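Pasting the structures here.
Shared chain: subunit A. Partners: subunit B in the first complex, subunit C in the second.
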Partner chain A sequence: MAVTTLRLNGAMISAREGQTILEAAREAGTRIPTLCHLDGVSPVGACRLCLVEVNGRLMPSCVTKAAEEMDVRTDTEQLREYRKMIVELLFAERNHVCSVCVADGHCELQNLAEELGVDHIRFDYLAPECGVDLSHDRYGQDDNRCILCTRCVRVCDEVEGAHTWDVAGRGARSRVITDLDRPWGESSTCTSCGKCVMACPTGALFHRGASVAENVHDRAMLRFLITAREEKRWTV
Partner chain B sequence: MDRLRLATVWLGGCSGCHMSFLDTDEFLLEQADVAEVVYSPLVDAKEYPEGVDVVLVEGAVCNVEHLAMIQRVRERTRLVVAFGDCAVTGNVTALRNPLGGALPVLERAYLRASDPPGAIPEASDTVPELLDRVVPVHAIVPVDAFLPGCPPSGPTIRAALERMIAGEPVDLPGHRIHFGGYGQPPSPDGAEAMPSRAFRGGRPRGD
Partner chain C sequence: MDLNDLIALADRERADRAPVELGVCLAASCQYSGAEQICRSLSETVVAGGLAGRVRVRKVGCLRLCSEGPLVRAEGEGTPPVLYRKVTAEQAPAIARAAGGAPADGVATADLNAPFFSMQRSIVLENTGRVEPERIESAIAAGAYRSLSLALHEMSPEAVVDEITRSGLRGRGGAGYPTGLKWATVAKMPPGQKYVVCNADEGDPGAFMDRSVLESDPHRVIEGMAIAAFAVGADQGFIYVRGEYPLAIERLDTAIRQARRLGLIGSDIFESPFDFRVDLRIGAGAFVCGEETALLQSIEGRRGQPRPRPPYPAESGLWGCPTLINNVETFANVPAIIREGADWFAGIGTQGSKGTKVFALAGKVRNTGLVEVPMGMTLRAIVESIGGGPPEGSTIKAVQTGGPSGGCIPSDLFDTPVEYEALKALGSIMGSGGMIVMDQHDDMVALARYFMGFCMDESCGKCVPCRSGTVQLYRMLDRIERGVAAPEELERLEALCDMVKHASLCGLGQAAPNPVLSTLRFFRHEYEAKLIGKNGEGTHSPIAR
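After this line comes the complex of A and B, so read on.
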């Protein structure tokens, strides 16, 4: 059943059966910032950037289904402050040095900081020791830039069907791993398709040989593949 | 009206932010009518003076000299601007932090990465002692405005200075204030519509 008594920032909108608040808001032309969300793979609610206020409570819009009688606010003072804080905490958690990063100028985290007005980080940097895996002959992986959004895990599992990636460890020690924590280059499941590199929002996964600001994630190709699978439309 | 007393300070940075300041071109001359540069690596002044209106601080705080300097600067200045990514985030200067304290960094640089191995400079030598951790300016003293960028662009610096000279808040809509490289405005969704390199199997650029 379609949802008909939904309010978005004061205006009545409708949503189709099963649609999330994020999808309904997008259709109504309202932008909600997201980071772990990737069209075409299942949502996980990992980053919390898409928080909205629903009848006074905060909910992640990418995993919350639209329902009757919801009064949704997407842009309150509190939400703006929390989104800023989330981005700042992501910067503080690993080692982000945009000026020398492969993703400089092509990074969703960097873009969000700009969009949300993050001009400095109010938290102490953790400066953890992080590994870089250059064992794969085409791609590299850098924990310094990883925000644990798990887009790589989901795209590799759900679109490529290889399930090379997983997350190991807990809390601040969590890291993405390939094949039970073997070097990526020795993975027997990886097909070298590159979808994880296309999906990664930051400089954590990159094409080998890409220098500063040279890595482009090529989301267009990923969108094409996902549309083709979902709608059986293989020509553009 | 008295001319604005402007200063610039160079802590742990590469001087690129100062180069970008010079890159404001003819504005430097226009600005001379309304602002006086009272202290800067670009002018001949030995002591940081009292009663400075605005200071642009380039660089992170990484040694005992920087620490003393930034405290003096804060005491003697009305508006402190963290100028460029090193001052704002630590940036490249703070790359050493994951190695641990000052000693492991010095060992890495002077003993392990040096061929033949050299000697770690003594505290009595002329170089200032390193702090264990490189920190951004606002980790030590309150900062009034942040101007990220590596370096911030000439036009952004100019716009910020114009606001400060006019006594307005440094709010710069339309200037794409972001961390990272000069002249590299982030693309709208972090992506570009291009055929996949992964599928062509080529190198990212220049092929």
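After this line comes the complex of A and C, so read on.
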């Protein structure tokens, strides 16, 4: 197997052929913030938090393959500022009120805001009117908390194979929908496996009956399923 | 069909020319102002007046001076051609009867020696307005498919790629990527299924170059695609045309059917082993589908959303196969380059920008319409000579090029030549060819707000900077325009523009701040004049409202 070497924040690191910058950086112990990325499903490069500077250009590290001669910087002042702005834009876009959210304390958006030092929002809160779908007997969907990362879409399509979820609308009016925008509970494709709920980074998809801070996402379960299938290894 | 058949067909068609030919522009803009009726009226007069042997009425494409439509061009043996403008159905009989002699009385004519026409140089539009877009015989008589025959019989695919490379042709969709390099990349991918795609999803507000080409000379684009397919080893092409262009779709559909019937596309073209089929795909109204990766998704039947590049379509495009994707105007240049040679093409234009560029000239100028000029012509020549300068009472302030991805260039920089690098250096882009002229009454903040609103509505919603950033930028610009923004707003606007430009996923988001940044660069005072002053007072103070 071919191995390449590249520079990461000044230090030389090695990467296996085909590895992304994100994977190589993680192996080298360097954290790059991510949000739409989910191990085991295809990367889409949509949230732009994992942008890194490669030879002076900004590239999404989750989809950019590590290559020889790359000089990668993961934590420049420009990147820190951009990441902060992106998280602020997400908070401003829908109605993210942590204190009454089922995912409070278990939310990747909240964690990122803390990590990046977001202490106030410099943009207008758009406060759109979003619906809550409680038609499914085990799960609920709250569009107010959705950040359109499409993890649910990808995990449902690629891991479960049901493709119940998809995105409707364009721009800021985009929403994730089940089937052809039918209530979730009436979906004829949903297998009620719950993988979308495990994958959701925020409180947008939750177990019914969970109260504030009670909705814990089971990412380990997804990891287990994926390694079991890909590597036929039934232990994580 | 072989080359001899093609030549025979062209000869028959040419022999069939009448002493006097009346070309009625039936491109969209003249059609909407009543050209169909004029065409009927002309035909009736010809039949009723017993002129059928002498005069023929032809349904041609764009005659360029769109603002003066409907347009009719009269061409007779021994007399200089006449271009009638603002023709009405009532005037049609007079035009038909005058044919061949002096221009008809009482019908306005345009001066064909005026700078609007004489300063243009036609390559892409060389047959526009001359051939009948709905009759392939007419296109063949003007030379269509001869370059394809030449490429198939006398050139290797490598030689075709080399010819395009040496010509210096660059992508006319806006970004200006070297066309030969793109072709070479697809050609070098291992043999197997490959595709050629024509991007006809022209979506910039104010731009109508590609529409005019498709409506006026569709065979030119099909021929260009076929030559490209031969060069890169593809056997299937798609033309992705926006649904808002019903006439272009209809004419392309007719053109493809006619070309197929004559065996000019299909199997064993010109009795060579080369096969090439073309199909139309109709866009459903999303601007972002003009972005190449989103366009390919849309052709595959998926949600039209861009994906990160690399991999570039040349490596992994339609259904994962190597795909060559070029704009309408780029393909339309190809037959002429093959016919006349790379050196001829490279001799036109400037060092870095070869050939000509078609612009849709619109806004506050006397002459609006379709213009094709050699690269390197100054903006001043286009606006003041070809465009005829400002209308009465108007002072030109700036031109906007490149639509929602471009910028504004102030009138004191009008000596800038039209070329990719020069426009980019001024914070604008060549773009696909929209050119909107603005005068002293046009508010630059309102313009920036308009384009930002356009990008906001057309954002696909995939990446956060574009989806959410454009909404916030729009709100900031709206506040500034309404005079309710504090001075700090300008800094926040610039900071967010910077992020959206550098962090967005595709060209739409990356270019969305351009109209703001370029107006800030040249017309910052217009923004500042609208801000609330430090003591809470300003020219547009909300208190005063």
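The rule is simple: the second predicted complex is superposed on the first by the 230 of 236 C-alpha atoms of A that agree within 3 Å, B and C clash if a C-alpha of one lies under 4 Å from a C-alpha of the other, contacts with A are read in each partner's own complex, and residues count from 1 in each chain.
Convention: a contact is a pair of C-beta atoms (placed from the backbone, for glycine too) under 8 Å apart; a residue touches a chain by one contact, two chains touch by 3 or more.
Bear in mind that the values here come from a model prediction, so they are computed numbers and not experimental data.
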Check your understanding: Which of the two partners, first being subunit B and second being subunit C, lies in contact with A:R170: first, second, both, or neither?
Key -> second
**Study point:** First, second, both or neither for A:L58, with subunit B first and subunit C second
**Key:** second
Exercise for review: Check whether A:M198 is in contact with subunit B, with subunit C, with both or with neither, and answer first, second, both or neither.
Suggested key: first
Check your understanding: Regarding the shared-chain residue A:Q110, is it in contact with subunit B (first), subunit C (second), both, or neither?
Key -> first
Practice item. Please work out whether A:H207 is in contact with subunit B alone, subunit C alone, both, or neither, and reply first, second, both or neither. Key: first
Exercise for review: Identify the partner contact of A:A220: answer first if only subunit B is touched, second if only subunit C is, both if each is, neither if none is.
Suggested key: first
Exercise for review: Would you sort A:D124 into first (subunit B), second (subunit C), both or neither based on which partner it touches?
Suggested key: both
Practice item. Going by the touch definition up top, name the partner, subunit B or subunit C, that contacts more of subunit A. Key: B
Point to revise | Overlap of subunit C and subunit B interfaces on subunit A (superposed complexes) | key: 124
Check your understanding: Mind pulling up the subunit B residues that touch subunit A in the complex?
Key -> 82, 85, 88-92, 94-95, 97-99, 133, 136, 138-139, 143, 146-148, 150, 176-181, 184-199, 201, 203-205
Review point. Which residues, counting only subunit A, touch subunit B once they are in their complex?
Key: 91, 95-101, 103-108, 110-111, 113-114, 117, 119-121, 124-125, 127-130, 138, 193-195, 197-198, 201, 207, 209-221
Point to revise | subunit A partner contacts - residues on subunit C that touch it in the complex | key: 286, 288, 303, 307-308, 456-465, 467-472, 475, 492, 495-496, 499, 502-505
Exercise for review: Provide the residue numbers of subunit A that touch subunit C in the complex, in ascending order.
Suggested key: 44-48, 51, 58, 60, 63-64, 78, 81-82, 85-86, 89-90, 92-93, 122-124, 126, 147-148, 166-167, 169-174
